[in-house]
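There are two complexes below, and they share subunit A, which is joined by subunit B in the first and by subunit C in the second.
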Partner chain A sequence: MTNEEIIRIINDSLIKEFELDSKKMVPEAVLYDDLELDSLDRVDMVIVLENAFKFKIREEKEIRDIRTLGDIHSFVINKIREIERVS
Partner chain B sequence: MQLKRVAVTGVGAVSPFGVGADVLMESLYRGASGTVIVPELKSIKGVRSHVAALVQGVDPGVIPRKYRRSMSRMSIYAVLACQEALRQAGLSPERLSGGNMGICIGSTIDSIDTLQKFFEEYLAEKNMEQMRSTIFFQIMNHSCAFNVSQTLGIEGRVIAPSAACSTGCQAVGLGYEMIAFGKQEFMLCGGADEFHPLSTASFDIINAASTGYNDRPHKTPRPFDRDRDGIVCAEGSGILLLESMETARERGAVILAEVAGFATNSYPENIADPSASSMQSCMRMALSDAGIGSPDIDYINAHATATIQGDIEESRAILETFGEKVPVSSLKGHLGHTMAASGGLELIATINMMKRNCIIPTLNLDNPDELCKKINLTLELETREIRYALKNNFALGGVNSSLILRRYEND
Partner chain C sequence: MHGEKRKLLFKPAAFPRKNNFTVILMNLWVFPLLAVMTIIGIIISSPAFLVFKITLRMETFRIIRLFVWIYGRGWLAIVKPFTRFQTEGLNKGDISTPCIIVPNHLSFFDTFFLAALPFNNVCFAIRSWPFRMAWYNPFMRLARYLDVEETPWEDSFEACKRELLNGAALLFFPEAHRSRDGRLGRFYSGAFKVSVATGVPVVPVCIAGTGEMYPPGQRLLRPAKVRLKALPAVSPDRFPGPYGHMEMRKHVKALMAQEIEKMR
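After this line comes the complex of A and B, so read on.
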């Protein structure tokens, strides 16, 4: 899976779950301020991403540092590459 | 002891006839029935009643996702009804914040739909990994009340009474008391419920659900009728905006009616069997609270759900308390039993009847039961001046409630 494909899946999944405006889905979008996703949404976001990519990330410490949509893209891409390396 | 007079200045309805008090009233005056066949009920073993009165025409998307994510259907109904009541009352947004407005809205049970979805996943694999963060918010017992406060930005009291079929009437009564005692300036009061087959099954199992009209849904329920055979479960929300008479006058609000008295009591002898003497006590206490006598009541909007025993007991209680003359009708024939919403929805209709000096007859009351007919059952639209009206709601668990409305005449 290419980085572009991963980003598309992330964006589509979040748009569907949180009824987001696709025009706001830019990497620099801040989750809390620009996409209006609060702490409860961040909990559900983990489930959405786990379902989309069939991995487990709930216990990953890096999730707490995510601020922007771009942070999500980077986190997921890194996670998928890590899984590919191990397997 | 009443310290302040209490006015109704706004109403909001979500009913089997759709969204809004106007469509509710137009349907009631037209003699429409909200009862339909529910195919899902036919497929459930052990459920003999296949009819219900379900809400039509609601678009949940009008509520922003931020607020909607913690709502099951009943909260959506409650929020829409509250928005309508506030619009009618003409209250500016700053009246909602600052703590002067409170909420008293309850439901019979929490969202069984939401619980069902959760347990379908949980029991299948004993797995909670898919549980969304907002599920618990949809099943908390005060879900309707807090969802209204969150969505509308209301900062006063948030109270969520629950007493099954008495919930709505109790909620309005409690709101009336809070305003009368000066605890809140405004109160949004009433109830909401959403349909689930569990409601129908629960009444069916105790032989209190309508089972004989599955092929003719519009012919049931039949309050006070000789051929009635039980409750038709329904859903919706009925909300009244109450405020002190003083505030309403000061701000030039249109006063729809006055809440003149309220009482609620309990019949602790049996959890399911109604008691005429206990109902009678409740109605007499409401009269006493209003400072009036039984001859002052011009119309009674009965609880009358079309159960065999309930209608007889209420008729007896009314006969003993008010005699044979006061007109009595039930709106369950049109609406079915909207449970926690019934108190609010039927009060809204009663206020409208007072305004129009017109009594809506009981739908499907073709042949009054011998054991109910000693009271003055309204059989057709009747023009009549209504100065005081009494509203009854009686619940499983032995909880009775009665509320008295007074027509406002610039006095």
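After this line comes the complex of A and C, so read on.
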């Protein structure tokens, strides 16, 4: 899976689950201010990503540092590449 | 639909220009009376509070919630000459408590119309900005309303549990904001998370017409037909598992969207 495909899946999943405006889905979008996701949405977001990519990330400490959509893209891409290396 | 310019569903033209006289009359009637009711309410609330406290030994937050409900009933009386107000499913006994009420949100005055609920022990779980209104803030604090925006979720959740255990109705606006175009906005998870965690049902309440009467950004009230309809309670038992609250959120939103479409 290419980085572009991963980013597309992430964006589509978040747009669908949280009814986000696709025009706002830019890497620098801040989750709280620009996408208006609250603290509960961040928990739900982890579930959405786990469902989309069939991995478990809810215990990962780096999730707490995620602030922007670009951070999510980087986190998921790194996670998938890590899984690919191990398997 | 995302990102497209969306057609307004509010119908400000429902009352044509020849009725401008009615609009002016309504505003000359409603706003001064609301101000007078608010001032009188603030003045008499202290002695009335003492009477309730001493004679009925009610808890402070219960007395204030009762006052808020009476204030809302006063609003219903004030706007009555200019609104055709209908309710459905809001008679005594129609809704069991504890429960979690989730109305759609079209107007500042939605909260006033919610005085049509058949009980007064209602705890609003709302965003921060209403707490910034100096004349309402003391009452909201004394009524133990929940500021779910500023308070950490864990603390809000504990407060929600306490209210439900005490038999109150919790009220969340799941859209968090007033609709800008009359359409149902995205739903946030809070109400549904509380429901799934506590087993307390959600009661969707569909509001129509307040957006025509006083939408966000408009200064003048306009005569309107306002309708409130409570849908049957939705049990969280139907939504088990870690994604239950998300499924319940989508289900309730779909029910409300369908009903609101019919009410237009």
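As a working rule, the second predicted complex is superposed on the first by the 87 of 87 C-alpha atoms of A that agree within 3 Å, B and C clash if a C-alpha of one lies under 4 Å from a C-alpha of the other, contacts with A are read in each partner's own complex, and residues count from 1 in each chain.
Just so we're on the same page, a residue touches a chain if its C-beta (ideal position, glycine included) is under 8 Å from a C-beta of that chain, and two chains touch if they have at least 3 such contacts.
As the structure is a computational prediction, the values presented were derived from the model and not from experiment.
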Which superposed partner A:F18 touches (first subunit B, second subunit C, both, neither): both
Partner chain(s) touched by A:F55 [first = subunit B, second = subunit C, both, neither]: neither
Which superposed partner A:D44 touches (first subunit B, second subunit C, both, neither): both
Subunit B/subunit C common contact set on subunit A: 18-19, 38, 40-41, 44, 47
Complex contact set, residues of subunit C against subunit A: 2-3, 152-153, 185-186, 188-190, 193, 242-243, 246
Sites on subunit A touched by subunit C in the complex: 15, 17-23, 38-41, 44, 47
Subunit B contact footprint on subunit A (complex, rising order): 18-19, 36, 38, 40-41, 43-44, 47, 50-51
Parts of subunit B lying in touch with subunit A, wherever the complex brings them together: 65-66, 69, 129-130, 132-134
